[in-house]
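Got some structures for you, see below.
Two complexes come next, and they have one chain in common, subunit A, joined by subunit B in the first and subunit C in the second.
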Partner chain A sequence: MRLPALLLSLTLAAPAFGGVSEALEQDILPGFAGFAEAARTLAETAEADCTAPSVRPAYNAAFDAWLAVGDLRLGPSETAALSIAFWPDDRGFTQRTVTKMVAQQDPVVDDPARFAEASIAAKGLFALEMLLYDPAFSGYDAHSYSCRYVQAASIELARQAQALNADWEEFAKVLETAGAPDNATYMSDDEAIRALYTQLLSGLEFTADSRLGRPLGTFDKPRPKLAEARRSGRSLRNVLLSTEAAEQLAHALVDHDLPQVDAASDNIKKAAQSIDKKDLSGVSDPQSRLRVEILQQQVQSMRRAVETEIGTALGISAGFNSQDGD
Partner chain B sequence: MTTRRFFLAGLLAASAAPNLSWAAAGDPAYIAAAKTPDGRFALFGLDPEGATLFQLPLPARGHAGAGHPTRAEAVAFARRPGHFALVIDCVGGAVIRTLTPPEGRQFNGHGVYVENGARLLTVEQMADTSAGVIGIWDVEAGYLRVGEFATHGIGPHDLRLMGDGRTLVGANGGIATDPSDRTKLNIDTMRPNLSYFDLDGRLLETIELEPELWQNSIRHLALGPDGQVGFAMQWEGAPDAATPLLGLHRRGEAPVLASAPLADELAMKGYAGSIAFSGDGSEIAISSPRGGRLHRFAPDGSFLGAVSRADVCGLATHPAGYLASDGLGGLIAVGAQGTRPLGRQDCAWDNHIVSLQS
Partner chain C sequence: MMKSLMATTYLALCLSPSLAQAEAAASPAAVLDTYADIAEAKYADSLATARALQAAVDALIASPSPETLEAAKTAWLAARVPYQQTEVYRFGNAIVDDWEGKVNAWPLDEGLIDYVDASYGGPSDANELAALNVIANPQITIAGQQVDATEITPELIGETLNEADGIETNVARGYHAIEFLLWGQDLNGTGPGAGARPYTDYVTGEGCTGGNCDRRSAYLKAATDLLVADLEEMAANWAEGGDARQSVTADEGAGLVAILTGMGSLSYGEQAGERMRLGLMLNDPEEEHDCFSDNTHNSHYYDGLGIRNVYLGRYERIDGSVIEGASLSDLVAAKDPALDAEMRGKLDTTMDALGAIKAAAEDGFAYDMMLAAGNAEGEALIMGGVNGLIDQTRSIERVVRTLELDQIAFEGSDSLDNPNAVFQ
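For the complex of A and B:
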């Protein structure tokens, strides 16, 4: 599998760059392995004691691990990512589904095979967050339905994480054999780099527009309840971890220095330090709202830095058709 | 070695009535427009394996086109708001005619030859109201504008001639646009429909979806065996609504809406750019350049699977299933058994592939 990458670096003239294999092996594949490991620990923790206070630390560790690779939306992650982290969910599918499951004591939680087929709103990190943190659910005791639900959702998350890790091991070969005669996904070596680069941009866009943009809403109508993972107070942490993941992927993808990306990363950390409400609920207050807006601007700066330092260097532009509908 | 053919083609182009058949252009199965590396635009003739049979310059980016059923002549429509369409001699490469819509009308990017190529129908809208019009052109008389009829809807887009050769099906997208810049003007009140006409423009049947789907613009059409019509939609409402993007209809029946599982549907980003039935008519697919994927469905609307490919948009019927094209220059054969790369050219394929067989 190393051969195509070697050829790539030989055939492409300056600017030199690391490439797809490096991104996969230094960043992406270890990221999915780490998430699989953390999800397994979560399942084991829930198995031993499924009450909310016991499960929360392992839940947060699993969410942290997810954010290392959670913004990728290609290959196996194109659809699987949503069933692990179903957000945005403006219409409240997760709340409705979890409420109904608990109210009806839906026996699907006792059948792992059937639970695997359940709606993406019934499982994953956000269904678990609802059960572990929302006061309407989190007070459950060790012998309750909700406790079994938390166990089932944790086991299913571990199963999905393991499957995703294995699927990525396979998909890595598709990326690394870009340009091979039978590869209909990536028809030349530069298409694979382009694909990873596009993920970098869209991940940062997602953080700026959704993780920060949704709760910001407008000045007249802030929407604090649309913040991602606000129940667990992780909203700001998710912004930091996802931009860190983007920075790492950027460095793995090219072998030249990225001073603008690094500077943007420092500014993101500084901007985040001045925000005291970790669930981003400060968006409703004009003074602290400004700090969230500054953080959003810094994330946008990082996106532009990626465009300048990687996109321009590689000669990559936006999609011909995806940018021009009709 | 090219002299005789070149001379002949030039002579015919000059006479404005080339009657060379498609065989003289290499018998292309498809025509497709693309942006070439020098930033210009070209019309390509392709064989079923995606090999280029001809490449002719276009003065500007096109949208879709239509091929004359017998003569090696194609019409390439400008992008909306379309102020011109070019009739191109696909043997010599000359622009035989430049069609301009009558005052106050704009081409909407699609059109179709009818009556064995005696007439060309062009999809248009009134510049001021976006009301839909089908323009009628007499091909034999040198593409003379001879009439028009209403599409009974706003912002019409695709138009197809059904298998009986007498019935037209048109997509009224429902979106009113600013005549100068395509700004959408009526998203809150839009109301698309699918309409059938005879060749004289008499409205035969029209269907609408439920009001909660009126922001789903019906835009592109494909014809299946036995009179089934597939329509591809583009969602203009709130993002992440995961509404169905494919509808299937037969005259006199209620439309069937086809959805993918939620995670797949969300990955389409509410947008279907092209639509085609498979070569044996046993399935239908829609493409989403925004989602970088295409979705396959059975004629009953059940989901068959997804194929991922960056910036994929063009989609046409192919003996193996479908031919898909993309903005990276790729041409891919997609079948029930999987995908097969046919080739990647140094160009960016535009939104549509026009099949010359149907």
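For the complex of A and C:
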């Protein structure tokens, strides 16, 4: 049963299922290692001086590193990604939770084991952003509760990043042994590449629909306050870094050229250059709104390019993704 | 659809039983007929139980007492049983998705509707109307517009209040608005106890608590009438000649994709993700689907059951009778018996896990208590359900490929990897 299929794949579609290891070794695993390293630096920085101006550069470096792998929502990331980067948060859980923590001086920040159990709205990159950038919090001094909170959240982030990195080392084996008799998760070799392909598409969909679509809202009702990481002015940067990550994963996943994907990537960069408000607040102005809409269209083009150059080329289609709910 | 069921039976009498079964199993058209028949029965059951709720609400308003309030609550709980089993018809059927927000929107900023505890807070950045309290305020302002809310009518609720200002959490209608009006806020956090609205909130004149009891009664009445009207609409859509039935049976491939899209999207993104894991990770007792009544364990259980009975082509109605026919399971078994066994096994595993949550909740360990930070037992129960749902999604994907439907989804309009795109 197996042999003819294998021969066929060798002769007709040699690269079809070969990309999983490459994607893991060249892109995904180094990405998680990089995030773990950046989060460790953040924790060390916060331990040395937890005031906002001191912590911000290391915070941004950690966020940058996260975006290399942040849109992957499978395996260990299925759950962990939510507590590292809890967004979208349309109902303002993070703001409410951080406000309450600081107002009550909740002692949970002095107990790492209990802090690890705290709500995802109390920790991770977005709680840290609230503390480091929101004027309601960011002016704290070195001996304040908020300073200890920033330290605790940074240390917890580093712990999570390290655990996630280790978990991915293990999960990589599950992906790489797809089709092996004892692999209950991926029962044939093409299920692993399909799983990564699904992540690639859902990441781009997330950038178009959420990172850009949420602040765009409608023409009559733009919602600039729903932009991701607007307090730190990272909204546009997050779009760029996440699409770059998608492009890299796409290239790692197949060994043929991807001219349409590359062209879409260039167009995304060009479209982004014309946007001057890095927090995407221009969505409220008809002129600058158009530029954000164009950027969104370019991200959608990249998604279609991935479908054509990877999906159609390999004869695979995407599975369900975690954003399929309403 | 009785006609086609009878036709199948007739065929079975003429042919040898095994051959007839194989014929039935091999027919996507018959599978789609069963799917539509089950939808018809589920929405009819939802409508019947909503009418019973309507009668109970009328009785409560006519003569408020602990007993009439309790009877209305019991009727609401009973109405949820068939409705939750219909949720598997979302995501795959545009007609259901366009309508669903009217009946089961969640979560809601309940301060839009009625009085809330001080701990609820006021208007928020995300929603200026979060504490509008239309029951207490006959004159209201929505997005700069003066609105006369002197009369609380189904039209006011449906056309002006629901999703006011374009905000999704301004849920003014549907099961959860009614749930809030019957139970009130659950102020017990992650401790035991549900909402405890007193029946006197509906006593007009002397003895009225919470203020504006007449307006509260009018709201409850209007919201319940709206729910019944909405369910009438959807029940008709699935009856013989209805739009939803015609749409899903028009094209066999697309129809099967619709079934599987509903199963997969409800399992994974919606139930495992949005409704179960997110609430657990937020440790927020408001993040449970039926947060006022503490009925979330049943909500999740019957959602899961709905997914399974669509696959098996067998639905037990509220009166105990059974609708069954050619199923997706038959179709898969004809092509790959091992995959059918795997799919059924996964669905059973999920039901065991959701059943464990239900049993624990019925035993006093309420769903909101399971959400408490550091509650390892609650986390294990909820994650058991989440993992089962995620695991069954992988088998649903295998079914899609085994039935060679992935290329339809792929070439069609990316309905599988982006079901929302179909409805935009």
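List of remarks:
One rule holds in what follows: the second predicted complex is superposed on the first by the 300 of 326 C-alpha atoms of A that agree within 3 Å, B and C clash if a C-alpha of one lies under 4 Å from a C-alpha of the other, contacts with A are read in each partner's own complex, and residues count from 1 in each chain.
One rule holds for everything that comes next: a contact is a pair of C-beta atoms (placed from the backbone, for glycine too) under 8 Å apart; a residue touches a chain by one contact, two chains touch by 3 or more.
Remember, it's a predicted structure, so these values are computed and weren't measured experimentally.
In the superposed model, A:320 lies in contact with both subunit B and subunit C. Judged by the touch definition given at the top, the superposed model places A:221 against subunit C, while subunit B stays out of reach. Applying the stated contact rule after C-alpha superposition, one finds that A:288 touches neither subunit B nor subunit C. Taking subunit B and subunit C in turn and counting the residues of subunit A each one touches, the greater count comes from C. In the superposition on chain A, contact of A:117 is made with subunit C only, not with subunit B.
Contacts of A:198 after superposition on the shared chain: both subunit B and subunit C are touched. By the document's definition of touching, of the two partners only subunit C reaches A:311; subunit B does not. Of the two partner chains placed around the shared chain by superposition, subunit B is the only one that A:88 touches, whereas subunit C remains out of contact.
Shared-chain residue A:78: touches subunit B and subunit C both. Applying the stated contact rule after C-alpha superposition, one finds that A:297 touches neither subunit B nor subunit C.
Comparing the two interfaces of subunit A, the one with subunit B and the one with subunit C have residues 78-79, 82-83, 90, 119-120, 185, 187, 191, 194, 198, 319-322, 324-326 in common. Chain contact summary for the complex, subunit B toward subunit A: residues 35, 63, 79-80, 109, 157, 219, 234, 238, 240, 261-264, 266-267, 271, 273, 289-290, 292-293, 306, 308-313, 326-330, 332, 338-341, 344, 348-351. The touching residues of subunit A, counted against subunit B in their complex, run 73-75, 78-80, 82-83, 88, 90, 119-120, 181-185, 187-188, 191, 194-195, 198, 319-322, 324-326. On the side of subunit C, the complex with subunit A involves touching residues 90-91, 97, 100, 107, 121, 124-126, 165-166, 168-169, 264-271, 273-275, 277-278, 281-284, 373-374, 390, 393-394, 396-398, 400, 406-407, 409-410, 414, 416-420. Against subunit C, the residues of subunit A that register as touching in their complex are 78-79, 82-83, 86, 90-93, 95-96, 114, 117-121, 185, 187, 191, 194, 198, 201-202, 205, 217-218, 221, 225, 307, 311, 316-326.
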